[in-house]
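Beneath this line is the structure, given in structure tokens, with notes to follow.
First chain written, first letter: the chains are A, B and C, and each begins at residue 1.
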Amino acid sequence: MDTLPARPATDPGYNFGYLDEQTKRMIRRALLKAVAIPGYQVPFGSREMPLPYGWGTGGIQITASIIGPADTLKVIDQGADDTTNAVSIRRFFARVAGVATTERTAVATIIQTRHRIPERPLSAGQILVYQVPQPEPLRQLEPREAEARKMHALADYGLMHVKLYEDIARFGRIATSYNYPVMVNGRYLMAPSPIPAFDNPKMHRMAALQLFGAGREKRIYAVPPHTEVQSLDFDDHPFKVWRADRCCDLCGAPDSYLDEVVTDDKGGRMFVCSDTDHCAERRGAGHRGPLAGHALQEIAEGKS
Amino acid sequence: MSMTREPLLLVEKLRKHFTLHLQGGLVLGVLDDVDLAVAPGECVVLAGPSGAGKSTLMRCLYANYKPQSGSIRVHHRGGFVDMANAAPHDVLAVRRETMGYVSQFRRVIPRVPAREIVAEPLRAVGVPGPEALARAEAMLARLNIPPRLWGLPPATFSGGEQQRVNLARCFVMAYPVLLLDEPTAALDAANRRIVLTLIDEAKRRGSAIVGIFHDEEVRDAAATRTFTVRPQTVSDTTAA
Amino acid sequence: MSAAEPILSVRGLSRRFGAIAAVREVSFDLWPGEVMGVVGESGSGKTTLLHLVSGSLRPDAGTVLFRDRQGAMQDIQAMSEPARRMLARTDWGIVHQNPRDGLRMNVSAGANVGERLMAVGARHYGNIRGAAEDWLARVEMDLGRIDDLPRTFSGGMQQRLQIARTLVTHPRLVFMDEPTGGLDVSVQARLLDLIRNLVAVLGLSAIIVTHDLAVTRLLAHRLMVMQRGQVVETGLTDQVLDDPQHPYTQLLVSSVLAA
């Protein structure tokens, strides 16, 4: 069975969680407001963080403000726990908060993510923190910030369907495949961050709390547990999840979101679960895909 | 003739002068205290020398010119509308339903075919499209416009043809009040006779007609009586 | 046609920009099916008046009342922002002089027409597409270009597209600001024919701001002449053009070749 990961010692040179307490309070107030108005973008005083914008500064500030010594943190980037960004952020919080970290979705209390929602359904008590590059779903269509805000205030969202119309006119279907706009609680239009549209249905009535942080854009928004989250669509072109029509080459999962991996310079490729923890868990339970035992798996497992 | 009936057009104390602000406020007096009543079935021909103000009176009656004072009451929808003082949309309603005008000046709407120009007044009072076109074509045919021209804009037509399109546009409606300013000026004898027949039909229908005809033959045939417009002296007083 | 009550009733509308009185004490009624031309040279206040009446600019004084579909007179300034927005995209239409102000240049022609429908809740792609095709045909545009971006269109085509986009929700009142300005003469003439037909067929009420008297002769039932923010003369179009009373109107009329 699982043993809880070892708890490293906090670096005494930093306040717990890196941010000072006043900043954390400010961010928590923004979070409370965000939770109270699901999908509404709350401005906050984003701080300079020890990594560049675009690397998850919004998500990190939220995590830093809500994390406590008893928490267990998981960080994923495009579903993977072992990418540079994920590893650095995990290491960062181990150092500045001394919290336990994990790669296992099931035991994490806080999961900070970039561009994915884990395959395993999240449960009550867990918190999913999204890193958001562009919180304003209307930005592409309405560049004027004041006008975009007014459109939110008046729930004036017809324009968003213009984009979906363009997709159908050009491609015969809604071709938006990530950052697919959603209506939250029937009121606010929200950018779900660049997660694949495949993940959109997981947001709907999720048992876990979902928090969104955009560091450069200085916005925080939230979806409280069990909130309605509907992907926009047309009556005659309903929202549909598109997924490569095959199973994971390593674990054989027929229903997970897949990454295409080029394996050599002769056109060889394989499809594997983008959620590395999910894949490993399935393999641990004895599931096998068509290319199980491939060299890539050896590498992956040697590392994890 | 029902000469005893109430007049359809009643002009009282009509005064009209032009102030030419661009010429130092030069005032041209044209009409002074004109009184005129036209009963159903009457064709009143305006007489007087050139420049006496016959056309100006005509244009005042149609509200194309704005008189300084007096009234021009037209029987319309069971009441009277004063063309000298009515609101634009009331004047337009009178023009649409009650009062037709054929001018010696032809102003064609660019790029609109002849049959559409003639059908337009019918459509404006709610006659359905196909019926309006059929009636328009019948009237064009009556006025000897060859069918090959019906689908063309009149801008390229001869003067006489344009004049007849104008006449067709007016006579396609059975207006209770008709204003005819030199309607036969550009027409040959055969077409003049057709116009006289149309005028005669309008009189028998009970229309009140005011006309200006230079052609004596037409004038004598059309007139039930003559109204002389007195020439005004050109004033050189400067407006304040 | 001549309904008993006006669709728009404007009283005492005034607006200053600093020391300049851009619009002074303007009042008028517009009747259903009536097209009113507002003429005057640049700086006479006609465009400001259009903005005041259409609610995009607040007046310093005066009221604008609009008769809604239920027959009630609505005070434009007193309306809530959402109600005014809804009005602007349903019962009202605005055709700008520069198509760039009225079109979304980065979405297709079809989406430009469909946007107003989507904004009022249309959520059936097939129906929206159908309406867009219908309106592109009505403004005589090539249906093969429905998925092209407006910036690939000529000026005249952009203006047609703007008209289609405006009329798709069947507005009852349309504001046009120099709708044929900036187009060359032959394109202008065809566009005028189109507007003239649409206005007549749809029975639109319209206010057309222009400095081109020939445009008003063709389109407007009556005119309002403005000079230095004030209305100096009003009347039937042909009356104002053929028998202008005010010195300024006489100057305007005498300044054009055979309007």
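Here, contacts are C-beta pairs under 8 Å (C-beta built on N, C-alpha and C of every residue); 3 or more make two chains touch, one makes a residue touch a chain.
All figures in this text were calculated on a predicted structure; none of them were measured in a lab.
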Return the chains shared as contacts by subunit A and subunit B, ordered by label. C
Which chain wins if you rank chains by how close their C-alpha centre is to the centre of all protein C-alpha atoms? C
Cα-centroid distance, subunit A relative to subunit B, in whole angstrom: 79
Round to the nearest whole Å and give the separation of the Cα centres of subunit B and subunit C. 32
Distance between the CA centroids of subunit A and subunit C (whole Å) is 48
In subunit A, which residues are in touch with two or more of the other chains? none
Help me check something: in the complex, which residues belonging to subunit B touch subunit C? 18-22, 59, 63-66, 88-93, 96, 109-112, 124
Quick one: in the complex, what on subunit A touches subunit C? 141, 150, 154, 156, 158-159, 161-163, 165-166, 168-170, 234-237
Touching residues of subunit C toward subunit B in the complex: what are they? 1-2, 31, 34, 189-190, 193, 218, 221-222, 234-236, 238-239, 242-243, 245-247, 250-251, 254
Write out the stretch or stretches of subunit C touching subunit A in their complex. 81-82, 85, 104, 107-108, 110-111, 114-116, 118-121, 123-126, 128-129, 146-147
